[in-house]
């Protein structure tokens, strides 16, 4: 396969991109100046240096201008956040969505992915051991009882893969001895939905989670 | 306005129909045989005779072939349904959706509509007094405590109009003296939804209703 | 089948309506007042009396208030229209679309339908004989050569059924002896279309009909 | 702006990509291995070396494995193509669409873009001078009359920008003295379209281009 088709294939694996749009990307780049291509590839090459993974929650953040090496992201460094809840998400984009809703003021943990239903080695898809260690550290670190971790909110997509990942996380959490509440996001009617058009599952969840 | 345009205007007020499709309906009927039109208008004229409104829950049902006058629908007549919950819906179509989910085995009450936000006379839109009377009758009728009404589930669309209607119903229920639990459907993530694409309200509800 | 389901089935055959919306129509009518239902069925019953079919082009028009019996529609009665072209359409709605484009000033003929590909008896679907007679009458009626019919524009949908109907009409026109130009609508790129997203057929037509 | 946001902004300018998907691309790359990023940037850097622009029609093609320097693409090198027609397109993707329709067997010329309506310097957007030179060369090169260039097909999108670009090309072609037919793609009904839903412009074009 020539290098043009290799590049097209790489683009076709970008999230939400099909072969046709991948081809358009290749044409788009072909028509760009060498200086543009240079800047683009430089930014891509340096992406690992431009971001750092928070040692605490494992989300990626842009490296600030300071020379000091950063190890914790701005959320983990914020002493005003609520230490009593830890929200576990699959990916950075999920964390972004929840953070920008303004509805959550606690801590986060990014699993780094989700687990397909027939996958045999979930530990290769998500950082489960790191999560367990993070939780046991959190439990020990806070002498002050009022700020100790009390609840873990498993926040996955409402899809079969999300449900499966949530099950794996829940099972792992239950195996370690701890005195924590484990919750999941409420299932039910989303904002703006009309009863008449709901699927059976959502009606069932909405009824079960009535309050 | 000539009678063709009057008919077009009537069709344009049918649910989900715009002026263009209303015009197509008129053309469709123009091309039909007199015997078809005759059957159609006969069925429409007799629609009130073909259905009866359940005196209990106020849903419409087709009249059965028997000569005996029916007053209760098949759900209200079913002694195996759970008398302890009453699910209040706006319209028959909502009841159909919930019933066909198979997730609910209690009783229903159809309000007959919902209340637009700026509406001054909600009692002209929904049968609120009838609901209150129905509830107080239900409370008294069941000597047997285990089958007495215990919970009212207000099941409205997750829209501003649905929320407003739910508020009106809840307020009215609270004004009458009674010992009943009042609940609403769970709000949250609907089946199949991805966190990344949720609106702020739904994220907020999903977090608040976590369990 | 009870009369409610019969009515639902009739609505489900209305153009563009599925079983679900048909059900909503029935609920909509159930909730209407007897006087509304009365007006509605009266308008439907009188639809044949409210319109007349033009004896010339066979389109339907609303009957005007006058007592005089109308036999020709306002387009056929308009002496300023161009007699030299006759545009043949399948249905009244197609005529409306062309007329409201303002791009055509000639005469029309409505076939009353189109012919499905495997249909054995096209003459039961479209008024083909009437068209042939109409054309031969038009040819004879105009002594004045400058106003004589010169071209027949067969204007069908660009679908297999439309193409098939056009073929049937063209074949019939060719069988009768006459000195008329027979044309079809130009196929090609529609307004706003982008080359990159065109199907093969449309590209082929656009190339073939380049000018 | 940090380098992450710079990269996100570059992706947001890729064809069809908004800020949200650009962000997902950045996250996608963050999670990729250094070796993947290395291959990706290498392919992008070498894109100019991997393709060559045909000196004749100016389309891009992948460089073949041979060491010989290529100057003409496979279409321009194909002696079986029809030399009498030259189809002028805005972009490589348009050429691909037409080529894969199989409906055209002549030669191509890629303008390299199109001209926005208020643009003051069209010559910076499209290679107009090169086209004029290419045509005059073609006219002179073919001694044999039967293979001489006879027609130029200006094939632009059916959009205001496409129309404007076609006007500019047509004007330029008319200014040079030559004995060539200049055509545009046929406008009309696209395959599968229904008369009832056509816009006025398309009806007008379909009538005008009837045949």
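Just so it is clear, A, B, C and D label the chains in written order, and each chain counts residues from 1 on its own.
Please note the rule applied: a residue touches a chain if its C-beta (ideal position, glycine included) is under 8 Å from a C-beta of that chain, and two chains touch if they have at least 3 such contacts.
As the structure is a computational prediction, the values presented were derived from the model and not from experiment.
Engineer: What chains do chain A and chain D have as common neighbours?
Structural biologist: none
Engineer: Distance-wise, how many Å sit between the C-alpha centres of chain A and chain C, to the nearest whole number?
Structural biologist: The computed centroid separation for chain A versus chain C comes out at 57 Å.
Engineer: Centre to centre, by mean C-alpha position, how many angstrom separate chain B and chain C?
Structural biologist: 40
Engineer: Check each residue of chain B and list the ones that touch at least two other chains.
Structural biologist: 91, 93, 96
Engineer: Line, ring, star, complete or other: which describes how these chains touch one another?
Structural biologist: ring
Engineer: State the interface residues of chain A toward chain D in the complex, per the touch definition above.
Structural biologist: 2-7, 10, 14-16, 21, 23-31, 34, 37-41, 43-48, 50-51, 60, 62-63, 91-93, 96, 112
Engineer: So in the complex, the part of chain D that touches chain C is made up of which residues?
Structural biologist: For this pair, the touching residues of chain D are 89-91, 93-94, 96-98, 100-104, 153, 155-159, 162, 183-211.
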